[in-house]
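After this come two complexes, each holding chain A, first together with chain B and then together with chain C.
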Partner chain A sequence: MKVDLKEQFLISPSLAFFLVHSMQIGVGVLGFQRYVAAMVEQDSWITVLIAGATVHVIIWMMYKMLNKEKGDLISIHESTFGKWLGGALSFLFMIYLIALGTTVLRSFIEVIQVWMFPMIKTWPIALVYLISVYYIIAGGFRTVTGVCFLGVVIPLYLVFTFLAPLEFSNYRNLLPIFDHSVKELALSVKTMTLSYLGFELLLIYYPFFKKPETSQKWFHYGNLFTMFLYLYLMLITLVYFTPDHLKRTIWATLTLWKIVRFPFVERFEYIGIASWVVVILPNICLAFWAASRTAKRLFHVKQKKALGFILLLSVIATPFLKDRQMIDRLNSLVSEFGFYFIYGYIPILFVCYYIMTKVRKKA
Partner chain B sequence: MKWFRKGSKQEDLSLYNLIQHFTKSGDFIHFHNPQSPKPYWISYYGSLVDAEIVHRDILPYLQDPNISGYEDFQSAVPIEKVEITSDLETIQKKMLAGSVLIQFSENDNKGALVRAEMNKAREVSIPEEEFSVVGPKESFVESLTTNLNLIRKRLPIPQLAIREFTVGTLSQTRVAVLFIEEIANEENINTVLQRIGDLKYHQILDSSYIAQMISDNENSPFPQLIDTERPDRVAGVLAEGSIVILVDGSPHALIGPTTLVKFFAALEDYFINWQLASALRVIRLFSVSFSILVTPVYVAVLTYHYELIPRDLMATLVSSRSLIPLPPFLEAVILELTIELLREAGARLPTKVGQTIGIVGGIVIGTASVEAGLTSNVLLIIVALAALASFTTPVYKMGNSIRLIRFPFLLLAELWGLIGIALAFAFLMGHLLRLTSFGRPYMEPIYPPRLEDLKDAFIRLPFKMQPKRPIELQSPDTIMFSGKKAQEMNDIDE
Partner chain C sequence: MKKKIIFFLIISIIVAYFGRVEKEILDELEIATSAGFDYKGDQKVEATAVFPRINPDKTITNETLSTTANLSKEALREINQKSHKPIENGKLEVAVYNEKLARHGIEDFIDTFHRDPSIGSRLILAVVDGSSKKILEKSYGEFDTGTYLQKLLEHNMAHGIIPTSNFHLFLSAFYARGMDPILPLLELNGNNINIKGLALFKGPKMVMELTEEKLFTFKSLYEELRLAGVKLKTKENNETEYFSIQAINSKKKFKITNVYTDPEINIHLKVTGSIREYSGENVDATTIKKAEKLLKKKISKESAEMIKRFQKKRIDPLGLGEQVRSRTRHWDEKKWEEQYKNAKINVKVEVIITEIGVVDGLS
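Coming up: the complex of A and B.
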């Protein structure tokens, strides 16, 4: 089933680069190193590469399906599993998207609360943030893509700030290479893939590309760029922190910023966190946009109304996530779901979809 | 206009009655000359008609004994397009535009209309808002005819099309839409023509009325059309494929579709060499972001993030702020408002008084308030610089927007420090991304990213590197010029 959209709402295929990259980089970047290094320590950078490679395979699978269907996840579900079961699965995906957006927002507010304003209430920031999210999404997918683009380009200067800790780093930390078992590597790869999550939203915004087939190249480049960024950060983290130190550092990236120093600025992490408002804006916008778009396709309601409802739900939900434990639990819940969705469900869907189309053709 | 309406039910709707109605007006002249060989009636609005034309080019020919009717008169008078008509609507319209009506009998239902309007216009003078040291020094005046002449002189090609409208039920303002055929995008032209055609308003006093009414988003603080007083700028953008709107009675032309970065491009950038122009542009863009962000950052840092400031700088700041009773936010708001107040007073007052006020306000109040311990001198410097920086925008209206959007930033900075500033920035970003100008994206070439158009955005590359029209304008004729430089060195010493 083809999903048709008016020409004026479509975006150029090359923007796929920014869509995928902006969604993958989020709050996770601020502290992903500890989880990955917990098992493989100095070999973490290998993990980053392997996890990135597996993502490419999944992207290829998704494009195979989407190119054939010329639609989105909802239409794939419908043609594979029928209206009701397919609809239910799409609904589940929508819940995941809402949870994803809310989690990102809540985790970021947690960072603000821990690093900048310990006493600040959760809901006012969530409210103001989501009002701007509503305003952006109401401008349509082109505006959301614009935010993704600027959300990558504007904070790009931060990449250079991570060079500062190199002054105090010890390159012997990287040795010995390949010092861990395959099992340990495999488990850490699983953890690392969580940092790559976010590209699955392609299943919703695929029909918004002009000549969507041509966007695949850019999508892969985007993921490749994410991989290099993670590799860069991981290497700097590994040479700067000793393994024991890293295990005790929740937000390693933020800690790296403590080294950055200018004649006019000390405590650079404040500026980093403030810049991160712009970095996670695409995450939240895209997640809620995709959720409201799914709602529109499933229930045939106005996207504006669905969006308002979803955002309201999110504002109400954030203050209930009170402490570190709850946020951490929600985080791992959402990422576990994302992991099984991508590495379990998508390959299954891929096979089912191909069988179903073959069956349909014969019938 | 009220007296004559199409299809009105008035019984005796004759030319005689129309003239009788006009005579009620004090400046209407209506007289009979029975002495001439062929007696005639002449009527016109004395306030609209150039008396010299009447005396020199009309009256002598009426005395001519050879004239026996309207046709003879039409061929004798040395003025183009003498119209003989009995259509009351035309007669009324033309007379109100400065035509003279000649009748050979008072009860005749037709008459000859001779154009004799008075053209009182200001002399073409030096541009004041967009002055540039190098380059042409002409600026538009209030007369549409003069303005069109200034543009036509710079583009003497038949493709330059002018579409005229009359807007305003009371003011009957002439509005001209200019574009170059086959260069301007058809869709853009239709958008503009349609929007101006649909305008319903009673009075158009200036082109900014039109600008506000045809803008894509009327609720945005950002201008979505560039207004300029320079004919050279207009000619330049016409050649790129933009559309220009001129309004009679307004010395400002409107240019669209446009983008955000074009508001920070001065025409002077094209008159000086490209390295210098690029540097100036970068300074301008820097000063704009400085102007928006600096006071909010001051408030944010001094309210919440003392740790951000290095020790040495901290000492300076603390010593300047140690005696100030106000929190940074109030201090900043008061100073910002003072500057706005000074600017506003300076804008309203006559030039000479304005200078005095500038000195009193800027120097006396500034120094006194620091000495009195009401404001810190660091903030005074910052606010004054920010105000100065906002005036570097070449388009005046953009400077105003820049000064306005500083206040929401200040408020959010007071609420949540740097996070608040970032949130305000997110809003601003979303707003700018949503804006369009005649349906074209406002943020181009930043978003949608178009590398090709970056050649004339943040920097200006040399002319030979700009052979193509901006993609933004979607011109059907993309190549502006082609051809290589006459002399190009192939190798060293060759």
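Coming up: the complex of A and C.
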């Protein structure tokens, strides 16, 4: 089933690079290292590479399906499982998207509360943030893409600040290489893939590309760039922290910034956190945009109305996530769902879809 | 349109009212630049905080506040109670512990700083022989005590004999397997702060002290020497001669044999230096040879002695365990601890005097 959109809503295929990269980089970057290093310590950088490679395979699968369908996840679901079951699955995906956006927002507010303003309340930040999100999404997908572009380009300078910790690093921390079993490595790959989540939104915004088939190349490049960024951060973290130190550090990336000192800024992490507002803006925008888009396709309502409802839900939900444990649990819940969706469900869907199209053709 | 404006106004008022955070105006805060902790027997510590005061005539004096309590956090809270302005610890430069406290273990104090997001990783820790309160209460020239101590220690680390150390490096060594932390040891000498040597830790407890004369050798084995000076004394034909040598740099190479059975560690140390001062007449080729030999003898003898003492106390401030670990697959920390006390550790020293200054000598 082809999804047709007017030319004026479409975006250039090369922007796929920014769409995928901006969605993958979010609050997770501030502290992904310790979850991976918990199992494989100095070999964590290998995990980053393997996990990145598996993501490429999944991207290829998604493009195969989408190129054939010329639609989005909702239409794939419908043509594979029928109207009701397909619709239910799409609805589940929408719930996931809402939870994703809310989790990112709440986790970031937690960072602000722990590192900068312990006194600040959760809901005023959430409210202000989501109003700007509404404003951006109301501008349409092209505006969202623009925010994604800025969300990648503006904070890019932060990459250089991570060179400062090298002054106090010990390169022997990386040795001996391959000192862990295959099982440990496999388990850590699972953890690492959670940091790559976000590319599954392609299933929703695919029809918005002009000549969508040509965007695949850029999509892969975007993921490759994410992989290099994670590799870069992971290597610096590993030489800077000893494994047992890293396992105790909740936000390793922010702790890296604690060593940066400029004559005019005593603590660089405050600037880092402030810049991160721009980094997670595309995350939240894209998640809620995709959720409202799914709602529109499923229930045939106006997207702005669906969006308003979703954002209201999110504003109400964020203050209920009170402490570290709850936020951590929600985070692992959402990422666990994302993991099984991508590595379990998408390959299954891929097979089912092909079987169904073959069957239909014969019939 | 009117509706939108009203909506916007209401939201701004709500957010501005509920989302506000306590103001922190610089002039209305006490900014602690250093903190000291003294052991007061039976789980009690006396904490001292130093706040700089800038006087109308542009001189800077100290104000200190002390209190005795059970935990370091508790003590800091009580200091806050005593102060007439709120205390901010984001500018903390130096934290000192007295020797008695260090020998009892400083893990609680480390935890306080480690947990606090406003403490920088460049915070310098030091151990004080005597009372840390006394050291902090004194005024030292143009700076407040915190800044003075920081400048003193930082420049001695950069171009002197104190091994580089800060909060991050302390934590790294603390959490590293096969390495124990070190801290500089200070003492009050009249109106000056003297570098007494080095405090060596086993985990969170100080177990040994290294005197100042041995720091040159220690630093050469621990990291690189950069412009550190050393005095040599020799007696020839009933005439005492003095050399003053400044190390330009040093390089060390580890060669470890039998890593799996009975590790033998060979350290090849190469020190390059120049003669700064000579009490004899002329500096010629033979004098240079003599100086090289003397320095070589000094470093070899001291390092052998030092390492013997470390092995006896079962501490590893040089990170030899770390060297072995990074060369061994599936390194066993427990086994290494057994091996360490009897491990063969040889230091081979090579000294090269490259320059003698701009003149030959007096005659």
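The definition used in the following text is that the second predicted complex is superposed on the first by the 363 of 363 C-alpha atoms of A that agree within 3 Å, B and C clash if a C-alpha of one lies under 4 Å from a C-alpha of the other, contacts with A are read in each partner's own complex, and residues count from 1 in each chain.
We take it that a residue touches a chain if its C-beta (ideal position, glycine included) is under 8 Å from a C-beta of that chain, and two chains touch if they have at least 3 such contacts.
As the structure is a prediction and not an experimental result, all values here were calculated from the model.
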Side-by-side fit of chain B and chain C on chain A, or clash: fit
Partner chain(s) touched by A:120 [first = chain B, second = chain C, both, neither]: both
Touching partner for A:38 - first (chain B), second (chain C), both, neither: neither
Touching partner for A:166 - first (chain B), second (chain C), both, neither: neither
Which superposed partner A:129 touches (first chain B, second chain C, both, neither): first
Touched partner set for A:250, first chain B, second chain C, both or neither: neither
Partner chain in contact with A:356 - chain B first, chain C second, else both or neither: neither
First (chain B), second (chain C), both or neither touched by A:267: both
After the two structures are overlaid on chain A, angle v-u-w for chain B, chain A, chain C in degrees (C-alpha centres, nearest 10): 100
First, second, both or neither for A:146, with chain B first and chain C second: first
Per-pair minimum CA distance [chain C against chain B, superposed on A] in Å: 5
Contacts on chain A seen with chain B and repeated with chain C across the two complexes: 117, 120, 125, 128, 261, 266-267
Chain B - residues contacting chain A, complex: 304-305, 307-311, 313, 416-419, 421-423, 425-427, 429-431, 433-434, 441, 443, 446-449
Residue ranges of chain C in contact with chain A within the complex: 11, 14-15, 18-19, 21-22, 90-91, 117-118, 120-122, 164, 166, 168-169, 171-172, 174-177, 179, 322-323, 326-331
Sites on chain A touched by chain B in the complex: 11-12, 14-15, 112, 116-117, 120, 125, 128-129, 132, 135-136, 139, 142-143, 146-147, 149-150, 261-267, 270-271, 273-275, 277-278, 281
Of chain A, residues touching chain C in the complex: 114-115, 117, 119-121, 123-125, 127-128, 131, 168, 170, 172-173, 175-176, 179, 240-245, 248, 255, 258-259, 261, 266-267, 269
